[in-house]
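These are the structures, in structure tokens.
The same chain A turns up in both complexes below, where it pairs with chain B and then with chain C.
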Partner chain A sequence: MNLQIQIDEKNNESFVHLSGEIDVYTASELKEALLPLTMKKGHLLEINLENVSYMDSTGLGIFINALKSAKEHASNLKLVNLQDRVHRLFQITGLNEVMDINTTIRGVDG
Partner chain B sequence: MDTREIDTRNYTALLKKYIETQDEQALYGAEQISKSFIKKNILPEEFVNLHIQALLEIYPDLHDKIKPSMHFLLEAMISYGLAHQEFQNLREKQLAIKSEILVAARMQKMLLQSKIPETDELDIGVISVPANQMNGDYHHFVKGKDGTISITIADVIGKGIPAALSMSMIKYAMDSFPENIMTTDTVLASINRVVERNVDPSMFITMFYAQYKPDTGKLYYSSAGHEPGFYYSSRLQKFKDIESKGLVLGVNPDASYVQDELNLEKGDIIILLTDGVTECRRDNQFIDRTEVIDVIKKYIHLPSQEAVNHVYRHFERLQNFQLRDDFTLIMIKKQV
Partner chain C sequence: MESFDFIEMRFPAKPEYVGVIRLSLSGIANRMGFTYEDIEDLKISISEAVTNVVNHAYRAEEQGEVTIGFGVYDNRLEIMVADRGGSFDLQDIKEDIGPQANEESIENLREGGFGLFLINALMDKVEIKNDSGVIVLMTKYLEKLGVGLNDDHVSTGQ
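Right after this comes the complex of A and B.
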């Protein structure tokens, strides 16, 4: 399965919409798309995972990398609309405590 | 007469036969000769040269225009010869790399082998199977002088050789900690600092570390983002997750961990695993954790080592014997 990466950049914000699976085969493509966006000071990078049905630990590694890079470059990283299975991965690994994650699915809670 | 000369003669004879009779047998013979030439590393242009010599022997009065045309062909084949030589070189290099990896895998296996400590208190079984040559899962048992048994299970994210190399780092760091005087949470905090300094930004390690104290019958444990294990209470005849909060190793150098404890009674069982177990797929559907418990239940009456072997075989079959991820399963039964 593939991963589709759609990026809308506005001023100092980027909205990334992902759909598909994030795994060992699609991770490097995602890394190349995300990392440059984390390197702009003060930039907000919001990643919508609503249509990501599966993510493995390699995918998790990409988000850890993005988080470290955001910290280093003083930009902000935010994950929104995670499916249960994906969210569980962030919970088990304790990453939900150190990352800005909003699981509210749009349309459910408005 | 050397074999090459024999081949030359054969080739001439076969060519002659084919020109005169168009016999299929002669074509088959030519195929055999070309196979033997490839084995001897004879280049395409040499083959063309052989053809020219054979042709001249059969037709000493070969048409004037044919001869230069054959030399033209010979020149044209030289690039193919170079490509063939490069292919041979790559094949040799590939073999060398393959055998180097094999040596490294063997060395890793030796380095990381962990003997199950002898104890009357616990019946311990473990199986760890890599998906590829090198294992990204790590487990280790140590029995301290005071009888404390420490158990480590870890999963290095990022597969293959880089993962295997970081595993050696974990092993040496763990070995350097003073024996059993550290609590499980301080062990994870220390190893986290080592890992954070030494891994690539997209790499991380999940680890579960526990100490069983025979004098109190208690299991102390901490988790760094590791897939939760299971605790089976023989009194309640129920499984529950061994939940413990903690950030994966290698993300934040200042991460702190918590130590939790479990009172183990006779017949209680601790099951530790890596996500290679819970991430098994069947027809592209993931199995869930309750399904893992169902399989474990089937073999739980067996001695731990037999039980983990059976569980592994079950999941191996389920995935048509193609592991996607390294698979490690530890079972610890309290005997007394």
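Right after this comes the complex of A and C.
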């Protein structure tokens, strides 16, 4: 019932690997980790959700905030390798239309 | 009267207990024979309702509680989440809750974003009572019994 956040920074890109659960308990830690990374102009922030086994609307809120901040600071935010269950939340809420989401690993259509 | 088991649990309304509440629900739903997919839907729904209590129901200095009730029926699971510590009187609550949530209570719950929207999408029936506190009553039917109440069920693509 925890969330591990691993950040690798390379030049103009940051790769964030998340594993565990994203809910109201782990939310603030994740928010604090992501926001500074969205504030660098021209930066690419790629968040890998392959090992996120549970997420709810708290997680959606964090990624929406991060996306807003990225747009404000002219950086880019991308979510990759979402599990089907997690990807489904973005589809139900229509957020897959506004976020850059790549789900190649699990072969989800769309 | 239809027979059922009723389980009630009370937790401090704190973020660290939301995962514990999910695990409790998981155990009950698994015992009832819900599919993996349905259990995941149930976990999100109960977390959304509890998160709403944790975030909004109490001021920071208050030590609030969230009360969870599970009504275990042959063909469905009813989940109640209430934000004022008092015990449930199941019959009272059911008589008091309208078939549809009114607009005002939806607005209140939506402060957190997509929470109530997801509950509505993932559960078969959602009712909300909002006077002295907020009570969310959510129902999910066991699909294997072919109850035919899942017409508005969100497709999982199968």
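In this section, the second predicted complex is superposed on the first by the 105 of 110 C-alpha atoms of A that agree within 3 Å, B and C clash if a C-alpha of one lies under 4 Å from a C-alpha of the other, contacts with A are read in each partner's own complex, and residues count from 1 in each chain.
Keep in mind that, in the parts below, a contact is a pair of C-beta atoms (placed from the backbone, for glycine too) under 8 Å apart; a residue touches a chain by one contact, two chains touch by 3 or more.
All values reported here derive from a predicted model rather than from experimental measurement.
When the two complexes are overlaid on chain A, chain B and chain C occupy overlapping space and clash. Applying the stated contact rule after C-alpha superposition, one finds that A:Asn65 touches chain B and leaves chain C untouched.
When the two structures are aligned on the shared chain, A:Val24 is found in touch with chain B and with chain C. Contacts of A:Ile92 after superposition on the shared chain: both chain B and chain C are touched.
When both complexes are aligned on chain A by C-alpha atoms, chain A residues 24, 54, 56-58, 60-61, 64, 85, 92-93 touch chain B in the first and chain C in the second.
By the touch rule above, chain A contacts chain B in their complex via residues 24, 31, 54, 56-58, 60-62, 64-65, 67-69, 85, 92-95, 97-98. Those residues of chain C that touch chain A in the complex are listed here as 15-16, 18-20, 22-23, 40, 43-44, 47-48, 51, 54-55, 112-115, 117-118, 121-122, 154, 156-157. Residue ranges of chain B in contact with chain A, taken from their complex: 155, 157-159, 201-204, 206, 224-228, 245-248, 250-252, 255, 275, 279, 286, 325. Of all residues in chain A, only 1, 21, 23-25, 27, 54, 56-58, 60-61, 64, 85, 88-89, 92-93, 109 touch chain C in the complex they form.
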